[in-house]
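Both of the next two complexes hold chain A, though its partner changes from chain B to chain C.
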Partner chain A sequence: MVSTLEPQAKIEMARKRRLLPQGMGATLPALILVLVFFVLPVVALLTRSFTEPVTGLQNYVELLGSSTYLKIFFNTFFVSALVTVISLLVGFPVAWALAIMPQRGANIVFGIVLLSMWTNLLARTYAWMVLLQRTGVINKTLMSLGIIDTPLVMVNNLVGVTVGMTYIMLPFIIIPLYGVIRKIDPMILQAAALCGATRWQAFRAVLLPLAMPGIASGALMVFVMSLGYFVTPALLGGTANMMLAELIAQFVQSLVNWGMGGAAALVLLIVTLSLYALQLRLFNAAGQGRA
Partner chain B sequence: MKTTTAIASLALFLGVSGPSLAADLVFTSWGGTTQDVQKSAWADKFTAAAGVKVLQDGPTDYGKIKAMVEAKGVTWDVVDVEGDYAIQAGDKGLLEKLDFSVIDKTALDPRFVTDYSVGSFYYSFVIGCNKDAVKACPMSWADLFDTAKFPGKRTFYKWSAPGVIEAALLADGVPADKLYPLDLDRAFKKLDTIKADIVWWSGGAQSQQLLASAEAPFGSFWNGRLTALAATGVNVETSWAQNITAADALVVPKGTKNKEAAMKFIAYAASPEGQAEMAAGTGYAPTNVKSPALMDPAIAKTLPDQQTASQINADMAYWAKNRDEIGERWYAWQAK
Partner chain C sequence: MLLNFNTLGSWKWFLIAVTTLTSAFLLLPILFIAALSFGSSQWLIFPPPSWTLKWYEALFADPRWLESAWTSFRIALIVTVLSVLIGLVASFGLVRGTFMGRGALRALFMTPMILPVVVLAVALYAFFLKVGLAGTTTGFVIAHLVVALPFSILALTGALEGFDKSIEDAAVLCGASPLKARVLITLPCISHGLFSAAIFSFLTSWDEVVLAIFMASPTLQTLPVKIWATLRQDLTPVIAAASTLLILITLILMLLAAALKKGLKA
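On to the complex of A and B.
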């Protein structure tokens, strides 16, 4: 099987390689558009990080030498990692359920997931604010049931940011996971059971490795998106949980210090691109390993 | 150098292809209910009188103003900015000088007039309290900083701007006439004592939400937002003791193609009628001293210009000179 597929795949790849340069002409206007409206302004801002107020690395020295800014970097990675882990823990069972559900049920659940994605981000964030605040629905319910005496503090802190961002990121992890899990042949799990694997062994040794590409791509997407997130941390987090995107906005908009803003943006960009490169490498390695 | 050219050509391209015609005036402000009133009180009336269409844009963004002026592609003709920024931007050459042969400044409150700006409206930071949520309301800045006497969350303006630092110093016992230059070390030390109990509001709507829901049952607010909240039926107590005034200003970014129309627009906005209607609609005070006479006395007496007994004017010139330095320290302190 494998040996007959391989030449075909090669032909396919070669065809694609030829197609790309031929099709380039048609994409030229789009490429120019991207270059002029996206690449140039970004490069212009990033360049300022080395030239304002004077030429040199002073912005980077200030950014990486201050405990406050380092704390913001740490916050950014910490919150992103936390959101990624929780999204995975919540998203995996949902994706799994979607994959094994009858199609009609799956469509309904999928609809709910997608619908939340299409609702305005600000509206969703404010909705969480109303739910989580001291006088919000959750606190009022818990207090009237006598479970707690004093309201829990769930907004303007880490809890608020994590809950709000996890909710927004969930579809981005459920969709790739669903795609991968659905392709896993249920017979394989049956085979594992027949061979004497416990449920936990079947999950760990069979399902999890097979779902790994989906887990990896979903997790990385959520992590990278979280790194640059602005609205939700700004509204649901306190100033002590400030993230990098907020810092950049402050530098660019209110302090009008584009040198520092550019420096912070470049650091974020480098981290994001490195992670992306890492993922590509891991993925290609994994993909080849399976073929 | 190259990047500047790139931005310039980009802006030029945008300017040419943009939807606004050269004859239309673009007015930019902060959005929300304040800009709604600026539109109805100034823009619509100005259009009717002068025949110049006024397009609304926003929110005000100092980064954008700098970018437009540097790239020589100014698309904002009149902008509502904070008073201290207006002074700083004028000094940095980002603004057109105002033409006071068109704008009549004889009746304008001189506190809010510079070569580059006139007051758009002025407001006070006052102490607001949700009377239904607490037994006693803080009535002074010292009360608001006293977590033993007034336990619970309190809300303050999130951004670095005149107001909170002054309040901290007043609460710490600094006499009103000795506020400036601001003793930042002392202010931050005082703020440290209540930091864990502060909920920050970043916009007027959020401040109202926090107070109405009693998420933060008291705090420092723009006076107009409290007036509006009280009108919706929330039981609001306002203390004007040592209310701290700051103003927004109207400015014209340097290099606008509509300079003449921009001056006429500002002349209307700053006129007794323009200021009176703006004040009536927002609860902020007029910057034209002839406006109160044109207003419903019942409304006029709720405005900051009637609360001068213990009023403190934030020193805009001081802020203009130090706003970058204070800003960096402020945000670093918040994030700590």
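On to the complex of A and C.
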């Protein structure tokens, strides 16, 4: 007689009829997918770096001992750092303006940021390949203005990569920074002004420190994303400034050297994961500091 | 002072200048591509000497472009369905379940999002070569599903956490089976989560380049792979036409999402 049961007991019964212990079964399809097609292949690839062609650390000795590869590591860090710094310097004022602008203007700017972020990556990279080429609009304009006599080389080098990647990363720094600045209480800055702080003092001593958690986590995110970027460096960068992701692809695709490919992948993975761990710690520390 | 637009003084003009220039920097390349796709110059001279539709004609006349667009669409659609279904079931488990290690499991599900995609691409490529899935639609779907699922789980756990479970319990008390209560009560209530899971999954697959480059075969390639391969040869305006159509699709999806958000608020 189900109808005589207490309501609570009825819910309990319904719960008991569910699949496996307390919802665990429901996560199984996703878990199997992630284990079989994510964890297993990645672990297998990394293992190959220690076993191919023979067991040992020879791949790592070669990778970390050769000036060619060290130059690629350095270049990867350099480009990522450059892109991060530029994105931050440009993105901070934009995020700041967005947080305090009249609603209508902010909506337009936000729309543009989202549109550029959602536009197909290859379409954006193509646009910059065309804009920056020898006969592109930028060179033509600069020449007709008499600023330069011969076209500047802006693709297949550091300029191309930096412009192309900054273009892609800007939304990723503007949006989180906007969120952080928006949450800052304007009254705190009002108080700074009442206490006689100049704009510059208030900026350095109040606004910047309050925005720091956002700046740190946004910058780290852009840096980490840049480290592993493949498409834009491959299309806008030159062979002289190859980045780590291209190196991994090249080991596998052109050289069919799985051992070295796996080793380079592990290096990228370790750097990426340790930076994420750092970000989590920073983020938690910032959260605790506020509470 | 610094957070009030009207009392910023000269700083206000600095912020306005940087924001305007950045908006132009973000917007102009997109407009530029759209304009060039209608320009008659093979060498992408700007402003174009005259206007034409020939690049669009070339695009639609070439069966390889259409075929790759169809492949992209087909794969993205399968990925969307699977990602939402698996994500939904997993999210129920993660949010409602009481088993140990839920936090760790959730973190594990998110890792494909933070791992450099090139590492996953190379790893899956090696794996698929061994198990015979390289260059197949199944291989494509699995690869994209791995990177789409985190977005789906993120959107759906968020939606489920915001849903008051007692409403579902009320339906069970009124005689609905637990399954019926979920389908008829809970799902409509989290439809915004389902929608964003679907849209993010679709876009993740539709726009994905790196995994696709490794999964593609000469006979099976998605639109981004086709663009990538063409780009490596030359900068033909046909790519501008294809890109413009992609931008248009993005714009439509964005407006759709905005309209839906507005509808939710109203």
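What we mean here is this: the second predicted complex is superposed on the first by the 266 of 291 C-alpha atoms of A that agree within 3 Å, B and C clash if a C-alpha of one lies under 4 Å from a C-alpha of the other, contacts with A are read in each partner's own complex, and residues count from 1 in each chain.
FYI, contacts are C-beta pairs under 8 Å (C-beta built on N, C-alpha and C of every residue); 3 or more make two chains touch, one makes a residue touch a chain.
This is a predicted model, so every value here is computed, not measured.
**Student:** With chain A superposed, do chain B and chain C clash or fit?
**Tutor:** clash
**Student:** Could you say whether A:Tyr178 touches chain B, chain C, both of them, or neither, answering first, second, both or neither?
**Tutor:** Neither partner.
**Student:** Decide which partner touches more residues of chain A, taking chain B and chain C as the two options.
**Tutor:** After superposition, C is the partner touching more of chain A.
**Student:** Contacts for A:Gly238 in the overlay, against chain B (first) and chain C (second): which applies, first, second, both or neither?
**Tutor:** first
**Student:** Applying the document's definition of touch, where does A:Trp258 land relative to chain B and chain C: first, second, both, or neither?
**Tutor:** A:Trp258 contacts both chain B and chain C.
**Student:** Using the superposition on chain A described above, determine whether A:Phe73 touches chain B (first), chain C (second), both, or neither.
**Tutor:** In the superposition, A:Phe73 touches no partner, neither chain B nor chain C.
**Student:** Mind working out whether A:Leu189 is in touch with chain B, chain C, both or neither, as first, second, both or neither?
**Tutor:** After superposing on A, A:Leu189 lies in contact with chain C but is clear of chain B.
**Student:** Touch test for A:Val90: chain B only (first), chain C only (second), both, or neither?
**Tutor:** second
**Student:** Pick one for A:Phe38: touches chain B only (first), chain C only (second), both, or neither.
**Tutor:** second
**Student:** Which of the two partners, first being chain B and second being chain C, lies in contact with A:Thr135: first, second, both, or neither?
**Tutor:** After superposition on chain A, A:Thr135 lies in contact with both partners, chain B and chain C.
**Student:** For chain A, give the residues common to its interface with chain B and its interface with chain C.
**Tutor:** Overlap of chain B and chain C footprints on chain A: residues 37, 40-41, 44, 48, 129, 133, 135-136, 235, 252-253, 258.
**Student:** What residues of chain B sit close enough to touch chain A in their complex?
**Tutor:** My answer: residues 3, 6-7, 10, 13, 61-63, 66, 153, 158-160, 199-200, 202, 206, 209, 213-215, 324, 327-328, 331-332, 334-336.
**Student:** How about chain C: which of its residues touch chain A in the complex?
**Tutor:** Counting only chain C, the residues touching chain A are 1-5, 8-9, 11, 14-16, 18-19, 22-23, 25-27, 29-30, 32-33, 36, 43-46, 86-87, 89-90, 92-94, 96-99, 105, 108-109, 111-112, 114-127, 142-143, 145-146, 149, 153, 169, 172-173, 177-178, 203, 207, 209-210, 214, 224, 227-228, 231-232, 235, 239-240, 242-243, 246-247, 250-251, 253-254.
**Student:** State the interface residues of chain A toward chain C in the complex, per the touch definition above.
**Tutor:** Chain A residues touching chain C: 7, 10-11, 14-15, 17-18, 21-27, 29-31, 33-34, 37-38, 40-42, 44-45, 48, 90-91, 93-94, 96-102, 108-109, 112-116, 118-131, 133, 135-137, 140, 167, 170-171, 181, 184, 186, 189-190, 192-193, 199, 202-203, 206-207, 224, 227-228, 230-231, 235, 245, 248-249, 252-253, 258, 261, 265, 268-269, 272, 276.
**Student:** For the complex, which residues does chain A have touching chain B?
**Tutor:** Touching chain B: residues 36-37, 40-41, 43-44, 47-48, 66, 68-69, 71-72, 129, 133-136, 155-156, 234-235, 238-240, 242, 247, 250, 252-258 of chain A.
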